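There are two complexes below, and they share subunit A, which is joined by subunit B in the first and by subunit C in the second.
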Partner chain A sequence: MSAYLVSILTEGSIFGIMALGLNVIWGWAGDFDLAYYGYVAIGAYMTLVLTIGPPVPPAEFILGLQLPYPVAVAGAVATSMAVGLVVGLIALRHLRGIYFSIVTLGAVYVMYVMAGQYVRLFDGYNGLSGLFDPMGDWFGFDYQTYQYFFLGLSLVCFVLVFLFMARISSSRFGMALRTLREDERAAAAFGRDIYRLKLKGYVLGAGIGGFAGALFAAYLSAFNPSAWSPVEVIVLYSAVLVGGRGNIRGVALGVLIMGVLVQESTRFLPQIPNHPQVVLALRGAIIGLVLVLFLRFRPQGLLPERRYIDREPAVEPAPQAT
Partner chain B sequence: MHEALLTLGFGIVTAAILALSAVAFTLEYGVTNVANVSHGEILTVSAYAAYVVHQRTGSAVAAALAAALAGGLVALAMYLSVIGPFIRFGATPTVIFIATLGVSFIIQNFLVIGFGAENVAYTIDPGAPQNIGPFLLTPLDERIVLSAAAITLALYFVVSRTKFGKALRAVSQNRELARVTGINATRVAAATFFLAGLIAGYAGFVLAESVGTFNPYFGFSFFLITLTASVAGGLGRPFGTVAGAVMVGIILEFAGNYISASYNLAFAFAILAIVILVRPRGLFTNARRTVFE
Partner chain C sequence: MNIPAVATALEVRGLSKHFGGVYAVENCSFQAPLGQVTGLIGPNGAGKSTAIDLISGFKLPDAGTILFKGRELEGLPPHRISRLGLVRTFQAPREWPALTVIENVVMARWDARRESFFQGVFGLGRGQRAAAAEERTRAREIISELGLDAVRNERAGSLSGGQKRLVEFARIRMAQPELVILDEPMGGVNPVMGERMAMAIEGFIATGTSVIVVEHNLPFIERVTQHVIVMAQGTVIAEGPFESLRSSQAVVDAYLGEVVSDGKA
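This part shows the complex of A and B:
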């Protein structure tokens, strides 16, 4: 396996975990959440501050611990969920539709500005770095072997998250989330606690996002404000939309398609000298175009969510003798 | 006290630009009931159009006209290619919101391909600052404030006194009912987008002039502040929006001066979140909010 393939597959699994988390919030609960990439970023930042040790002046950041990687991942997920809870408590109380989207857009920009400007948090625009090959020294891997190990780790994590999501998808909780998406008033009429359910779904999604962020931090070994931007969530939305919103197999397919499409569509372009951003920008434009076209012509995606049908016919009362 | 007055002066300039952008956004919202997230890109494209024209001709007036025209055409194209078809197809406001976010992503990336991601700047001299009353403003600032006031007045006249304005208000209030009375809602909406685009295009030019430099993402970040002003003033209410813009512009300038300008976006959204949570229909209305806002 070439190094190229290894890196693509690793990125693909991490990206897949992000998309599965987003699917809980948008696919099932039906909320267009723009803060999602913020939770990924918090997961990545927290993993770094929990593992790379105290800051060397002039750098400054919070915590600066040297915990084992798995513990740091747990801490990162917990932080993402806590921030998700705060945003959810505010945004899900009364707001739906575009008002919810606008408030979450605000929330993520607050996170972005804080990460970039409030230097004492995550060292501002310099960001954090120095997480090299986590868990590699436990087994004594060299650099080359470690890449395969990390690929395996990411794939296993993806499969585990996928199986977890498959369970949730058919659980009572998953069904309840879908009823909120379809008809909130009807769900309320049947005694569902809408706010609590939505909040649960939202925090779960944020946690999955934070988990993906923790893996992403280990893959990049560094994280700073130029490594992410709030609007990157559009790429995740296009993957979920193309595959099939609400259907986890569809989401996995969407990630595969967007990954291949985006990588390969620009691969055969001639190199344009002096303009290194052109290829990246072209990819962005393609993603935007795919998003708009799918919304218009195939909003259910390539693998639509299967509707739940009650196959058992209602029992008619037996005719009574008169 | 003196410093506060100076800050107030700068706040009025920010508010003037913001008012133009927010009024345009709220007009778009009014006739379609859809938040056009790609509104910021109207400003960006116009700033680039003005940049190209200014380089060719060296005339600031020609640049301003080019900006307004480019803005009008971009907004019209957005309506005809994406927003209009989605409305006819029966898409929900949230779906159109997502689609316009995609449009904004497409335009930003095409601008990066065309002009690069680096900052570019006009070479229009703002003139030396001078004391006007208690404020310290450049001739450029004066022009911005005066032209914004003139445009707002002209818009007020168009919306409240002309036949087109009447049709616009009718479509804003009830699209179906307006259509029943024989108003071509699609044409009115398209014309409104063109009008809003003219205003937003001019706003993009003066914003770039006043900030000094711009890049393909500059409209999007200003859109976030525009959104705050429009929601504070009441989405779809052009003249409430002007009041919202003045308030937000001045608050931002004070917060920037006394705390730190780098947190401007965060402040804007703090205002936005509070307004949406407390008075989702805007500060200047007395409508009760509903649970399913």
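This part shows the complex of A and C:
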């Protein structure tokens, strides 16, 4: 397997976990959350400050604890969930639709500015680096072998998150989240505590995002504000939309199409002499175009949300309609 | 009233709500008898919908008491009131459109334990599966009774207006509240279905659910109710069996020329 294939499969798995987390918040609970990539970023930052050593001047950042990678991942997930809880407590209380989105946009901007400007937190625009091959020395892998190991780790994590999501999808908890998306006043009239339920979904999604961020940090071995582009969240939304909002298999398919195929397709286009940035810009244009076409012609995505089909025969003949 | 002590399903005392300077509901008091269908009628703007919103917790009253099963409901959020056994519907059908009919019915029953994140996601016990199977069987029975078998697996959003109302009725049967408040159940429904709706309402009474029904369709009110409350300008102006209201001058005046007596209003 070429190094190229290994890298896109690893990226694809991590991207898949991100999209599955977003699917909880947008696909099931129905909230168009623009802060989502912030939880991925917090997961990545926290993983780094928990694993790399203390800062060497002039670098500045918090912690630097040199914890084992799995412990750092748990810490990263917990931090993302905690921040998600704070944002959710504020944004989900009364706001819905575009008003909710605007507040989450504000929240993610605060996170972004904090990471970039408050240098003592994560060393500002320099960002953090130095997480090399986590867990590799436990097994004594060389660089080449490690790439395969990390691909395997990412794939296993993706499969575990996928199975976890499949479980939620068919659970009453997952169904209750969908009733909020479909009509929350009716959900309240039938006993659902809208605010609490939405909050649970939101924190769960943020935690999954943080988990993906923790893997992403290990994959990149570094993270800084330039790795955190606002466009990323749009790519995630496009993957969920194209695949099928609410359907986890659809989300996985969407990640394959939007996150892997479209992202990588431009790599094979011929470069235009003297204008190297054109091909890169095309990537964004293609994603935008696919997004618009799907919104117009197939908003339910390639694999629409599955419904429970009751195959039992009718209990008794229906009374004749009057 | 000649019957001395009728048990009440709901009692409202001195309920008031104003929006700015306008009183939508003002000093409104009434009782809905247990085990009966109570009609709540009145011209547009009488405050019926606001009264329902106040009772069900979707709006906060400025003053007044709402007694249900010996508890005061004012200030409780909608889901708490629903969990106590008071369920309402809305003027427009509020089905969960992307869910199928049977999913809509199953999810009408709120189950704290099974709906919790940890129980729902990690609880793998046989008890869970049995409970889910029992619930689906019950939902299937209700769907059959209401004649929705053919559309059981359709997404509820794709049904006709009348079918959506029947889905709402099926949800109420599933939830089995002690009191249901139906807000204009005949709105947008083909009159041909009136008899089916009336029978469904009788089905609520038979299964122990008292009913309050807000409706402009007076023949329907006459057909299904045992007791009628007439509201106008935010307060109750008359009360009694439908028959007795025909002769009430206050009721006729409130409807301002709308014809009450021949049932074509």
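Just so it is clear, the second predicted complex is superposed on the first by the 295 of 322 C-alpha atoms of A that agree within 3 Å, B and C clash if a C-alpha of one lies under 4 Å from a C-alpha of the other, contacts with A are read in each partner's own complex, and residues count from 1 in each chain.
Following the convention adopted for this analysis, a residue touches a chain if its C-beta (ideal position, glycine included) is under 8 Å from a C-beta of that chain, and two chains touch if they have at least 3 such contacts.
Nothing here was measured: the structure is a model prediction, and the numbers come from that model.
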{"item": "Which superposed partner A:309 touches (first subunit B, second subunit C, both, neither)", "value": "second"}
{"item": "Partner chain in contact with A:262 - subunit B first, subunit C second, else both or neither", "value": "neither"}
{"item": "Touching partner for A:177 - first (subunit B), second (subunit C), both, neither", "value": "neither"}
{"item": "Subunit B versus subunit C as contact partner of A:284, first or second or both or neither", "value": "first"}
{"item": "Which superposed partner A:25 touches (first subunit B, second subunit C, both, neither)", "value": "neither"}
{"item": "Touched partner set for A:190, first subunit B, second subunit C, both or neither", "value": "second"}
{"item": "First, second, both or neither for A:157, with subunit B first and subunit C second", "value": "neither"}
{"item": "Contacts of A:240 with subunit B and subunit C, given as first, second, both or neither", "value": "neither"}
{"item": "Shared contact residues on subunit A - subunit B and subunit C", "value": "185"}
{"item": "Partner subunit A, residues of subunit B touching it in the complex", "value": "35, 82, 85-86, 89, 91-95, 97-99, 101-106, 108-110, 112-113, 116-117, 220, 224, 227, 231, 260, 262-263, 265-266, 268-270, 272-273, 276-277, 280, 289, 291-293"}
{"item": "Parts of subunit A lying in touch with subunit C, wherever the complex brings them together", "value": "164, 167-168, 171-176, 178-179, 181-183, 185-194, 200, 204, 246, 305, 307-310, 312, 314-322"}
{"item": "Residues of subunit C that touch subunit A when the two form their complex", "value": "56, 58, 77-79, 82-83, 87-90, 94-100, 102-103, 106-111, 114-117, 120-122, 136-137, 140-141, 144-145, 147-150, 152-153, 155, 171, 175, 192-193, 195-196, 199"}
{"item": "Footprint of subunit B on subunit A - complex, ascending", "value": "32, 90, 93-99, 101-103, 105-107, 109-110, 113-114, 116-117, 184-185, 231, 234, 237-238, 275, 277-278, 280-285, 287-289, 291-292, 295-296, 299"}
